[in-house]
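Quick notes on the structure that follows.
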Amino acid sequence: ATDKVTMQIDGAAVPFYAPLYAGVEQGFFADQDIEVEFIYAGASDILTNIAAGNVQFGFPNGDAVVAAVANGLPVKVVHTTYQRGIGALLAKADSGIETYADLKGKTVAVSSLGSPNYLQLQVGLKKAGLTLDDIKLEVVSTGAIVQALQSDQVDAIVFSELRKYNLEGAGVPVTMILSNDFLPSFGNVVVTSDKLLASDPDLVKRFTNAVTASYEWVIDGHVADALDISFEKYTPTWIDQKALLTTAFENSFVASVWQSDLTKEKGLGAADMDAWQANADTLKEYGVIDVAPKATDFVVDPSDIGK
Amino acid sequence: MISVSGLSKSFKMEGGNSVLALSPMDHHIPEGAFVSIVGPSGCGKSTFLRLVAGLEDASGGTIDLATGAIRRPVGFVFQDAVLLPWKSVRDNIRFPLDTSGVKRAAGNARVQELIDLVGLTGFEDALPKQLSGGMRQRAAIARALADDPPILLMDEPFSAVDLLTRETLNDELLKIWQQTGKTILLVTHSVEEAAYLGSEIMVMSPRPGRLKKTYSVDLPYPRTPDTKALPGYHALVSDLRRDLRDTE
Amino acid sequence: MISVSGLSKSFKMEGGNSVLALSPMDHHIPEGAFVSIVGPSGCGKSTFLRLVAGLEDASGGTIDLATGAIRRPVGFVFQDAVLLPWKSVRDNIRFPLDTSGVKRAAGNARVQELIDLVGLTGFEDALPKQLSGGMRQRAAIARALADDPPILLMDEPFSAVDLLTRETLNDELLKIWQQTGKTILLVTHSVEEAAYLGSEIMVMSPRPGRLKKTYSVDLPYPRTPDTKALPGYHALVSDLRRDLRDTE
Amino acid sequence: MLKRGLAGLLLITVLWGGGVLLFDVPEYLLPGPLTVLSRLAFLNANAGLMGHVQVTLIEIFWGFLVGLLAGVMTAVVFVRLPITERLATPLILLLQTAPKIAIAPLLLLWLGLGPAPKIVLIAIVTFFPVMTGMVSGLRFVNKSYLDLAQVLKLSPWQRFVHIELPAALPTVFAGATVATTLAMTAAVIGELMGANKGLGYLLSAGQENADTASVIGIVLVLSLMGWLFYEVFEALRRRMESRFSDV
Amino acid sequence: MLRVLRPMAEYGVALLLLIAAWWYASGPMEMPRYLLPSPQATMATLWSMLLSGELLPHLWFTLRNILLGLAIGAGTGIVGAYALYKLPRLATLLDGPLVVFQTAPKIALAPLFVVWFGLGLTAKLVLIFSLVFFPVLVGALAGFRGIDSRMHDIAKLLKLNPFQRFWRIDMMAALPGIFVGLKIGAVQALVGAVLAEWISGSDGLGYLMTYAGATYKTPLLFGAVLLTSTLGIVLHAALTILESRLLAWKVQDGR
């Protein structure tokens, strides 16, 4: 029989999740006897919901998972979908901000002091020989942070690199410094609860198979198709941004987010345990979490599920 | 039968001290009596009626109405009408019937009768705010009569009503009383009215409010305008007047 | 001087039709008159007073008070007291003074005088809800007198007050009137009171409300309890009674 | 009723459009009315706006109904037994002031992913104003009317229907009016905390895209819905009040 | 004094009961810590933050915003209601826009407020104001419209000037309605203050909640929620006490 599951996705329905939507429409989930429903919420809500058993799968960002695990939530990463983090420093091109060193004296916004972006900012500053005292820090929520940059209320934001495409679409050229370059982390990853993984590893396995199949299909030259599927049924309001999105997908996602050297070897979603561990250790080092969990305790390579 | 023993009531005032509105009173009102109550303003007449109706808790003493298991032993005409402002005259008068499950048709006939009795014909659908002061009071009288309670407590029911209406209503009330054998307690400032109506008169006096004197009235029934020509009536009226004059 | 010409008032009722509360009336009340107004319940007495006070807009006709630039030409005693429920007796009585900038000290003396006059001594700090019906009305009378208006409109001011207080207040009112030369309009259901007090009596009749008759009273002033022994007084009283009896 | 409201709205719209034109406000800050309208038309054509409206409307209807009834009943209990009010008030205030987003996972845990948690959330926020209005109305009922009730030995139910409810109507309606507006916000919050249908869901998609025109458009649709609710309530209030007006 | 103390004691008892139930759910009932931290852990977190001096500035920041927003919102709400009451024409014209403005879900607009009014205090106050204004307006309007017409007779007779009439008659008579509005408004002010801090800034209880939420510091999250609610309870209690003072004349004896 078909398993009905719910997957809770970080944020809202946006075309960046097109591979998942395409996976449903192209039948990759059905192939695995899975019927999936997508709902949306913030990362921490997703992880709480998974731990509480409200939903079976989640698609939050990697840092949120580490923080959740460090705080005792019984959740596991079963598919490291985004092989790297997509946090980035964004500034208007005409602001003269090219490097972290240029931030001295500037106003920088992050969406929360609990967010990985805040950590990225600190590490970036440190590497440039600065501290938080050298800049003016503002906290602005997700819904307003891009407009705050646009309207010059802040000089730079540390947020998702994907916003670069939004801004450029609105005619605002931006400079970008990827955080992953100096701080290994992970974007969206598939998460499930310890309990489900233990009780029904087969379902989890099939689910990750479906996710892998979906992303593979997109990578194999179906970016445009996937976006069309997304526009048609899931994210119609983005249709006028197709060109931008195609660029974003090709330049970022396909090129370096979903795939890495490791995935070429082990398949999509493969877990780089060392990178995960480095990520957890850095979070601990900067005091975001009190104890760094062991990567092997909460990250599972899709190929190891059920073993 | 209304049996009152040791009944007293005091009210708390701002600042902690209290006003003795009624100092301990013992009294026995036989069933079917028509008791007129007179006394200066503030002597506790309303308080006494409200105690009898169970609207105030006594500070001391007891009241026994001996009406058995009747749901509504008393009808009350308040000193200031108290009509429900959101109901028409008709609905106000029918209110006691509506809330005791009387059928609409049966109720309607009774209500129209009462409206005619108190002279509000033509104002059935008016709201209380559209009535004059006297009309409001008459509507309240009709309401108190509507469901025919064995005890009728009336607090200055006719004070806002003109002479003619007052006399008519006096006579109607006497007729109703004689036909039904109700026990009626009526507060009034008119000693003539007290003497004309009452089979018994309670005279109260203030500071603190108490029962000063009771008269048993032996004017014959049925009373008619002729009663007012009797020497006994005049004697009683001037007695009452004197009682009210000497406030100690 | 109050000059009324063609004054009429009709009220809209539910359903669109309207009640003629006062059919066109012409009348002239000289300055310093004491006008008693009598008439059956619902004949438009209150409406007339409210029109004079400017509390209702006339449906037709005009009223001229000829009080010049005086800010508050009229004092009003409402049929049902209308005290501000959040103010004590003292503050209610002082309210007209407070709102016309009278100094506290000057006001206090005046207010205490009035409280004594209406017999509310000891209840200065009571709230309206803690007073008996008659006490409330007396407080309202005191308030109307507080700032000494040239015209005094009183709507059944004494109806809830006992005999003795009523007589006292009647005499006080006469005294005030004679000393100050106020114009007073007083509605009452007591023809004795109307005759005893008035220099002129307006008799009104209902359906529709209108001025039926006016009497010029030639009983001598000052009036004292002896006045009630005069034949002229008795004749007037029985005339009025007759007027009220025959409703057309 | 609707006509005069529309006149006022038209005025505001003209001011808004004029202001945007005059001061050359950039679109990401405040798009003009036409932009917003065309965005709405787009949403309607491509994103099934009406379907989302319907989902939200149904949630609001049920949530509001539950909140209204609960508010009225709780108020009655509170006024009859004042100690219950003091005992329950902290809990009620906790529910009212705790950010809904903080209790969302708990609600989902207990009520699942369907419309239930949204309806409960709406009920929670509508409950409070209704209750507050009703408590005040009941507490300040003219004492004389209660005397009448006692003389007529009305049953508690009769007293409630014939005396307390009509006397409390103005403040209850004031509370309910406020509740209609709060219900809108609650519906959005409910859908933000986990949904794939409804205007709140569309809204979060708009926010994610920094699509100010969509956000304002959806907010406008929600406001108009709220306004309709409000007008229905006002009409009801006027009808009741003309029957139940005091003095 | 006793009249004030007794309700406070009862509120206290209620809070204790609540905490007991909470303790039971998190302890013996074994609700997981990430869903419901124990009251002990919550208190410990709050206590240590209090000792380190971190807590009070946040608390004060939120409280100040609430009071400011409530004062501005309530003031304009009452004055606005009076204007609408006195000028029915204005009321007919403004009714629609007011309601539309009011029903616009603030949570959706809050991010835009930041964009429109900047990152400082203004945006926060605008948000709180926008939430407080309407309940007070509606409550006060109900209060004004329900004034006994005989009170107007008095005002008219005594030729009170508009100011006297407002303060001495209309305000007093409308108080029950105004308090309905204020009580709802106070809760809304609280919600608004927290929401504002949620959207931007790094001060206040609302900020603590976002921070705690994002970092799974559930004891801190619940501590902040608890503090917010306590603020709400204190505010509500203060209003109730004020109400019972100002409306003593209206509350029935013996009920």
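Should a chain be cited, it is by its letter among A, B, C, D and E, assigned in written order, with residues numbered from 1 in that chain.
The rule we apply is simple: a residue touches a chain if its C-beta (ideal position, glycine included) is under 8 Å from a C-beta of that chain, and two chains touch if they have at least 3 such contacts.
All values reported here derive from a predicted model rather than from experimental measurement.
When the partners of chain A are compared with those of chain C, the chains appearing in both lists are E. Of all chains, A has its CA centroid at the greatest distance from the CA centroid of chain B.
Two chain pairs, A-D and B-D, are weighed by contacting C-beta pairs, with A-D ahead. With centres taken as mean Cα positions, chain E sits 49 Å from chain B. Rounded to whole angstrom units, the spacing between the C-alpha centres of chain D and chain E is 17. Put simply, the C-alpha centre of chain A and that of chain B have 83 angstrom between them. For the pair chain B and chain C, the distance between mean C-alpha positions equals 27 Å. Contact with two or more other chains is made by residues 35, 111-112, 115, 149-150, 198, 213, 250, 253 of chain E. Within chain C, the positions touching two or more other chains are listed as 80, 127, 129. Along chain D, residues 28-29, 101, 105, 109, 143, 192, 207, 212, 246-247 each make contact with two or more other chains.
By the touch criterion given at the top, residues 42-44, 47-48, 51-52, 64, 67-68, 70-73, 112-115, 137-144, 147-148, 151, 153-154, 288-289 of chain A touch chain E in their complex.
Against chain E, in their complex, chain D makes its touches with residues 4-9, 11-12, 28-30, 83, 86-91, 93-94, 96-99, 101-102, 105-106, 109, 128-129, 132-133, 136, 139-140, 143, 146, 170-171, 173-175, 177-178, 180-182, 184-185, 187-189, 192, 203, 207, 212, 215-216, 218-220, 222-227, 229-230, 246-247. Those residues of chain C that touch chain B in the shared complex are 11, 13-15, 19, 38-42, 45-47, 79-80, 119, 125-127, 130-135, 138, 155-156, 159-166, 189-191, 241, 244-245, 247. Listing the residues of chain E that touch chain D in their complex gives 7, 10-11, 13-15, 17-18, 35-36, 92-97, 99-109, 111-112, 115-116, 134-135, 138-139, 141-143, 145-146, 148-150, 176-177, 179-181, 183-184, 187-188, 190-191, 194-195, 198, 206, 209, 213, 221, 225-226, 228-229, 231-233, 236, 247, 250-252.
Interface residues of chain B facing chain D in the complex, by the touch rule stated above, are 50, 53-55, 71-72, 74-76, 78, 80, 82, 84-86, 95-96, 99, 129.
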